[in-house]
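Okay, handing you the structure first.
Should a chain be cited, it is by its letter among A, B and C, assigned in written order, with residues numbered from 1 in that chain.
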């Protein structure tokens, strides 16, 4: 069939049949990197072809298909059907471990709730970044509690039922205390140097260590 | 749990009808220039779709068109019909001219794969230059296969899907003349009798050229 | 030699062919390629080729090249030597005492190699004659990129939580502990130190000479350093890098480099 078309063209200089012209236009539109006008198509097709007519046939052929013939200005291009655009997106869900800063902040909220940001900072010895709190809020593991009746009436944080559900706890009071943690061997005595006071871990980048004064106050407690 | 909710929600919907699945596959394949495997398609289609079946329908639909569905290794891709190549002068990319040595090496790898460097050298009767292999690797036409379980555990070479795609082959079994060569026993690895020139050990990775001294000794013989 | 050429039928053509080969010797990809080209002059199926004739042609070629003082690469000469050997094997009656493959076996393998090389060249040509991507058929010209949206969900375990809490609450406890470590000279440190020093230990030396600086005076530190240095020297002795000796119980332990 294609060979026939070619020999026909060459011997008689007659235009190939319309079906053949249509597949030629289809191939050119598929392979070009930019929309192409009917005039340009005519220039690329064998002598005597009628790109405009072939385009009409092609448009009809692709009606309702996953691909459609789009007109863009003077040019034509094959495009995936607009209703299938969602297939061109891939959503990947990535599960990541919470950063050390987030875990520590979360732990302090769970053990000390309701707790203010200043109190969290006091305990951790570093300032708590807004991003960490926002992340925990967004995960719905913490929420705002009542304002504290101290000067400035700071907001407090408490853990949520989602938090309790995730960690399989009935109440936050069920969390083991320090002594129990130690007895259970959960207090790792060989801490990596990262956790030494003053040393920052990567995820703590936006956290500024508190001044020495603040820190020593804590040790005196 | 969010994951459970998602699968539940998805299974509430039935898979779209096959005609719809076909247009989805069509859209996805149209959008990309790289081959996509049926498994990847399944992952991108809504739950319950059967990409393999949709591909069968789609291949039939594109038969005789200006664009056709090609199978390349594990993947599928749309390609223009080869007989229309003459219309595409503008799209033609300069194909790197390969040396005779590179072409022969490529053919030997394709027909004898997995094949070691020593085996290629045995067949061609000359040492394979590093440049030749590097060039084929760089074009992504060959890659390393498994090491051979012979002394020295030499690396082997195999051809890639890029190679298959370039030459319009579905699998390496479709190589032209493969069956005849096999029937004629020309693909058997026959070890040369001892004392043949070129009968060297497999693990001769970096063979050194003979020194001038060695050459002159030979003249005296 | 010239007489031989003249006597043979079709000699002129053959000689011209041979000379053309010599001039073009750089164009050959090794002796096998040359043999394959020579074998074409026999104008028969490669399976029916006369290896004896081929060996003669090749040797004549090499001889002619030497007369013309053309430099042939070593592998051409290795092949020449081997073909001369093969020729003698094929011509002389087989020696039952002789070991190794027979002349016929060697000839058969050479014929196989030539046929295989020719076959690979034929299929290589067929491969390159196929329709090729980017020349005869084409990929999608306007690929639409798949946008990847990445959704990240974070997780943590109860253990993470409790350890995190413990970490914040006990941070102060670790400070004195960190100071403790200053009095400890670990086995790793001792090994590192000794590996660097034993190169110079040609003579028997008291092991106490290997104690690190600053560890000799404070009893606690000295104890730690002595223990780890002794353990490290045992390890090095096990590796065969040093020898140890002690004249009697509680006498100084001495070491020296081995070999």
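The working rule: a residue touches a chain if its C-beta (ideal position, glycine included) is under 8 Å from a C-beta of that chain, and two chains touch if they have at least 3 such contacts.
Note that the structure is predicted; figures quoted are calculated from it, not measured.
Novice: Would you mind checking which chain's C-alpha centre is most distant from the centre of chain A?
Specialist: Measuring from the centre of chain A, the most distant chain centre belongs to C.
Novice: Work out per-chain C-alpha centres and flag the one nearest the whole-protein C-alpha centre.
Specialist: B
Novice: In angstrom, rounded to a whole number, how far apart do the mean CA points of chain A and chain B lie?
Specialist: Here the centre of chain B sits 34 Å away from the centre of chain A.
Novice: Taking each chain's centre as its mean C-alpha position, how far apart are chain B and chain C in Å?
Specialist: 25
Novice: Starting from the mean Cα coordinates of chain A and chain C, work out the distance between those two points in Å.
Specialist: Comparing mean C-alpha positions, chain C is 45 Å from chain A.
Novice: Residues of chain A that contact two or more other chains, please.
Specialist: Answer for chain A, listing residues that touch two or more other chains: 27, 30-33, 78, 80, 88, 90.
Novice: Residues touching two or more other chains, restricted to chain C: which are they?
Specialist: If we look for residues of chain C contacting two or more partner chains, we find 138-141, 144, 146, 153.
Novice: With touch defined as at the start, can you tell me which chain B residues reach chain A in the complex?
Specialist: It is residues 22-28, 30-31, 44-45, 64-67, 78, 80-81, 83-84, 87-88, 90-91 of chain B that touch chain A.
Novice: Give the list of chain B residues in touch with chain C in this complex.
Specialist: Within the complex, chain B contacts chain C at residues 2, 30-34, 77-82, 85, 88, 91-93, 95, 100-101, 103-104, 106-108, 110-111, 122-126, 165-169, 175-178, 181, 184, 186, 190, 192-198, 210, 214-215, 218-219, 221.
Novice: Tell me, which parts of chain C touch chain A in their complex?
Specialist: 138-142, 144-172, 174-175, 177-178
Novice: Can you list the residues on chain C that touch chain B in the complex?
Specialist: Contact set of chain C toward chain B: 29-33, 66, 74-75, 77-79, 81-82, 85, 100-101, 105-106, 109-110, 112-113, 115-117, 119-124, 126-128, 130-141, 143-144, 146, 153.
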